[in-house]
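Going by the order they are written in, the chains are A, B, C, D and E; count residues from 1 in each one.
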Amino acid sequence: SPSESDKNQVRVVFFANISHAVPIVGIENGYFADQLGDTQIKTRIVDSGPEAIEALFANSADLAYAGPAPFVNGYVKSGGQGIKILSGAAFNGASFVVQPDSGIVQPSDLAGKKIAAPFVGNTQDVSLRNYLTQNGLQSAEKGGNVIIYNIANAEINTIFAKKEIDAAWVPEPTATMLVDNLGGKRLFQEQDLWPNKKFPSVVLIGRADYIQKHPDIVQKWLVANQQAINWINQNPDQTESIYIKFYKIHTGKTLKPNIVHDSFSNIVYSSDIDAKSIKIFAERAYSLGYLGRNGYNLDDIYAKAAEASPWQN
Amino acid sequence: MAKLEAQNIVKYFEHDGKPLKALGGVSFTVEDGDFVCLVGPSGCGKSTFLRIAAGLQKPDEGQILLDNRPITKTGPDRIMVFQEGALFPWLKVRDNVEFGLKIAGIPESERREISDRYLDMMQLSKFANSYTYQLSTGMRQRVAIARALVMDPEILLMDEPFAALDAQTRDLLLVEMQMIWQKTKKTIIFVTHSIAESTILGNKVVVFTHRPSTIKKIIPIDHKRPRLVDDEALIPYQKEISALLRPEVKATEETS
Amino acid sequence: MKINSIGKKIAFYVGIVAVWQILSSANIWPNSVFPSPYDVGQDLWFGAIDGTLWIGIGTSLWRLAAGFTIAAIGGIALGILMARVKTVNETIGSIVLGLQSIPSVAWAPLAIVWFGLTDAGIIFVTVAGALFAVTINTYTGVKSINPDFIAAAQNMGAKGEQLVTKVLIPAAFPYLITGFKQGWAFGWRGVIGAELLFSFLGLGFLLNVGRQLSDVSQVISMMLVIMIIGIVIDGLIFKRLEDKVMARWGLR
Amino acid sequence: MKINSIGKKIAFYVGIVAVWQILSSANIWPNSVFPSPYDVGQDLWFGAIDGTLWIGIGTSLWRLAAGFTIAAIGGIALGILMARVKTVNETIGSIVLGLQSIPSVAWAPLAIVWFGLTDAGIIFVTVAGALFAVTINTYTGVKSINPDFIAAAQNMGAKGEQLVTKVLIPAAFPYLITGFKQGWAFGWRGVIGAELLFSFLGLGFLLNVGRQLSDVSQVISMMLVIMIIGIVIDGLIFKRLEDKVMARWGLR
Amino acid sequence: MAKLEAQNIVKYFEHDGKPLKALGGVSFTVEDGDFVCLVGPSGCGKSTFLRIAAGLQKPDEGQILLDNRPITKTGPDRIMVFQEGALFPWLKVRDNVEFGLKIAGIPESERREISDRYLDMMQLSKFANSYTYQLSTGMRQRVAIARALVMDPEILLMDEPFAALDAQTRDLLLVEMQMIWQKTKKTIIFVTHSIAESTILGNKVVVFTHRPSTIKKIIPIDHKRPRLVDDEALIPYQKEISALLRPEVKATEETS
């Protein structure tokens, strides 16, 4: 409702994944609160990029940390008007994990297999489907023989344990959990497939009209965002324990420190915006039919605030 | 004085896509205070005529004048008593009787007084708070008559109200009906398929022809009241009506 | 009911719980797949104590009530219009039948886009589930009214709103109740389905939490709650209403 | 139906599409929230061309068919048992009514745990949706059989399986059809709901894809497909079966 | 030779939780080839007695011997014709008639031959492929009788089979029934509420008392056949039965 966006508040959604350490630390260490003063901060944990975009579209959230693929999707679906990108947050931190006894060693082994990735249009989903297409495979709903399950990370964990799937393309810490707890084999990390071994995995995005209406709040948020990134890069151990605590509170489950440590070491935290990689995600999503069939353009993805941001390179 | 004057009423219905001429030009006059009985072969259009008089259906040609003004819509000045009573099963007997008064916005105490009077007249006081399914057919028919009388209509239109009754109840109501008429001085148009009934009740019997119907003859019945079922003086009238109807019924059978 | 039959029933339920407990104690399946009745009871107990259960029940019931009320009023209005106005029936009428065959959960994605993750969205799904059942039954009911009832009422002066409230609705009431019963069943399905998909408070949400945490005992305990609420609403409200109306109409 | 009425209907549908197109062209709401009929048509067209639509329809229908068949056979067997064996009715009978009031989607979480993300899981949800409607109607049907029919058949030597197949089932058939109709409606809801939650092929999955891609025109196009399948199954299969049986019983 | 021997049959029913004694010790004997008519006040237990004889219900005391062996279950040696016919509406006339033969596993060609014979006897050949709702009540009753006869039972148990028929059809069937009996030499137990019917059909009329019923009297009717409806020779029998029944019916009215 319009009255919600007029209030002196900011509503932010992010995931419980470790690649979302930036908002988690930013809140835990009080960076956002300190910057925003009496502006109220409301946070909500969602399961997936599509849910985050849904929340922005439904005007239930103002800012969101999400993957570049859902961002591109939301951007194109709203005719380039609805949402904008503000900053980077994290790079890398997704892996392709296979069952040890699945016999999968190369792409062609994936024919006839069952593979999970979180949610349609999610960053890992786009990467997985693109990977399949490039290797001449097709998913079942298009008549191919690879069955893709688009389900939440927690559920991927459950069905991987029950050996109902042969492989999973998942973010951290799920990937490491599959490896360390369930004996999964990490076939490769996603960054191995990218030039420079680096791809954006979490970006900060916002509702266009919120950014326009509250440039001051957004600006302050970006400052705190950078503070959190800096702190994470300087205090990896403490970041890990903050995340473990957060995860326990949010899901009621205790993560093993070594899993968090392994996951954490696969991720790079940075506010850089990797425009080229975002374009690659867009191309891939388009060829999967996710962005409609009438072309797309990414001319206007940056918020004015982001362009003015001192951390923009 | 002509209370009601039917002028050349024609009515068509559609059957299997083809038009069926039910009334083929019905004209007759009902005087104020008349008790007119309509008889005719089944399907000749008696009910249709009543509905047109009630304003519930429109004629295709002709018109019915009520106090010299053409009838255009239905209204509580001409209350119809339906063959099956058409009592509302979701209302108690009293509420059924008071229905029209309530619609007219009459306050409760007054309504109650009026309904009490007519329930009493119909010997239904004990059943005021019963639902209609708890009554016998004869009692239900009396409720329907009470419901019509409370409206104090100028004309009562009654469509075979006694057809579903057992002989005993009917004989009783035949006498009561005459008493009501004499007491209230209402104009009554009464459809029946029983020739005996028509001669007992009517001061005029209107005989319809077969379809498309017109009026074959109007027979005045001049005889003291109350007339009883086994009144021998009525037999000549009944014989005459019988003779008038026989060829009509036969024609109906042949055409349908 | 005879004592014997009550006894049988009690014995049967006790037996079910006992067999269930024995099966789960035998550890044929892991507890995470097949929890014991004790686990389920405990889950319910904790939910009751910390209030989540009551909040969940309250939320779902309020959404059901809101959605059902809208559907009932709208369905009756639409049904009467369809039955009495030929053009409405020939046009809208034909879509209503089609819309009725859309499962209410299928409305959820649209509701999310249109209403966001709000109560309004869930209520929309509930209305979409219940509305057409009420409409179709109202239509049938009004169509089945003895035409003499309507003629008699008009003859006695009823028209417009009075005709609707004093004749059409009461005369069609037995059908309306069937419509309410069907509508509530579909509406309840809509509420739970929407809450599962919206994941936004309510019993369906709690069910989804159980699902996402792979907490089967929570899943089963929520299903029990949903089932009991279903039985209670059906038995206490609609069955009674039906019995009452049927008795008044002399149908029983 | 008269020409006039067909004309009205066509005019009405054309009108709806026209108004829809005009509304969406007016850009009151963004295209992402309120797509035009052209967008929706295009989505359907692409789905039809690249095969996803047909695979989706085929998958959902096969699950429905499998689930419904199991539910019909199981429901008839259970219903007859309940009607003929007092102890079964006094025990299982009372749970069936309760289970019937659980929305079929509510079974989905349990089905996922028990059957995994498999066709079996979705079929389980479908069966859970359809079974009890068939059971309850079969029960009512068998209970409503003129006891003289059964006595006469027994008197002529029928017993056991012959009594069931030659008397109980045909005598209760009008009720069985009602049960089938209700059962299929609930089963169809179960299929779509389960596919939405399982996100594993089928029309419900495609609906979910539309949702997750915030692609409202895909959502609406899938709803149209679901609706049309509903109308076709109801109208072509069940309506015809009903008409046929009713005609044979002399009820029409 | 005693074909069937009822020995002190007692039967209770439950009403409102209280036991109701319907049969209070019924004993009588049916000889082979008898045509026995049972008459008695309504609700005295005639149908109950037939059902017990058919093995469809169990007595609470006493037993019925069939060829000196107690009846324990139902079976096609004693075929019952129900008051409403109990024809199966989902089967065509021929399939209804052949139902019992099919159950007995008789091959199709043989079934067809048998059903043809009885459909012919009942003048129903033209309607073999009709559904039962397409028949008039009288035709339906004849199908029910044909369905019973094809089973070639030793005993026919008929429960007011003519009650729902119009007078004309009934008179016809009354004659046919006697012819069937004479032709087939079957033992028939026939319940009726019509005293005339019982005297026309029976060679014995068994009069039941009111509830709890016992046998009041057994009246042999010795008279040539076929007996017609207006046969004056039957009037004394009818008067006697009437006189026997009157106090019973009165007692029934007072207690119920």
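Rule of thumb we're sticking to: a contact is a pair of C-beta atoms (placed from the backbone, for glycine too) under 8 Å apart; a residue touches a chain by one contact, two chains touch by 3 or more.
Everything numeric here is computed off the predicted structure, so don't read it as measured data.
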Between chain A and chain C, the fewest steps along chains that touch one another: 1
Task: Any chance you could name the chains that touch chain B and chain C both?
output: none
Field: chain D and chain C - chains in contact with each
entry: A
Query: What chain lies farthest away from chain B once each centre is taken as the mean of the Cα atoms?
result: A
- prompt: Most C-beta contact pairs, which chains?
  reply: C-D
Field: Separation of chain B from chain D, taking each centre as the mean of its C-alpha atoms, in whole Å
entry: 52
Separation of chain A from chain B, taking each centre as the mean of its C-alpha atoms, in whole Å: 82
Statement: Distance in whole angstrom between the CA centres of chain A and chain D is 38
Touching two or more other chains - residue numbers and ranges from chain B: none
Query: Taking each residue of chain C in turn, which ones touch at least two of the other chains?
result: 112-113, 211, 214
Where chain A touches two or more other chains, by residue: 54, 57, 155
- request: By the touch definition up top, name every chain pair that qualifies.
  value: A-C, A-D, B-C, C-D, D-E
- request: Could you please specify the touching residues of chain A with respect to chain C in the complex?
  value: 47, 54-55, 57-60, 152, 154-155, 158, 251-253
Statement: Note: in the complex, chain C contacts chain A through residues 112-113, 115-118, 199, 211-214
For the chain D and chain C complex, residues of the former touching the latter: 5, 8-9, 12, 32-33, 87, 90-92, 94, 97-110, 112-114, 185, 188-189, 192-193, 196-197, 204, 207-208, 210-211, 214, 216, 219-220, 222-223, 226-231, 233-234
- line: The residues of chain E that touch chain D in their complex are 51, 54-56, 74-76, 78-80, 82, 84, 86, 88-91, 99-100, 102-104, 131-134, 147, 151
Task: Could you pull out which chain C residues touch chain B in their complex?
output: 146, 148-149, 151-158, 162, 166-167, 170-171, 173, 248-250
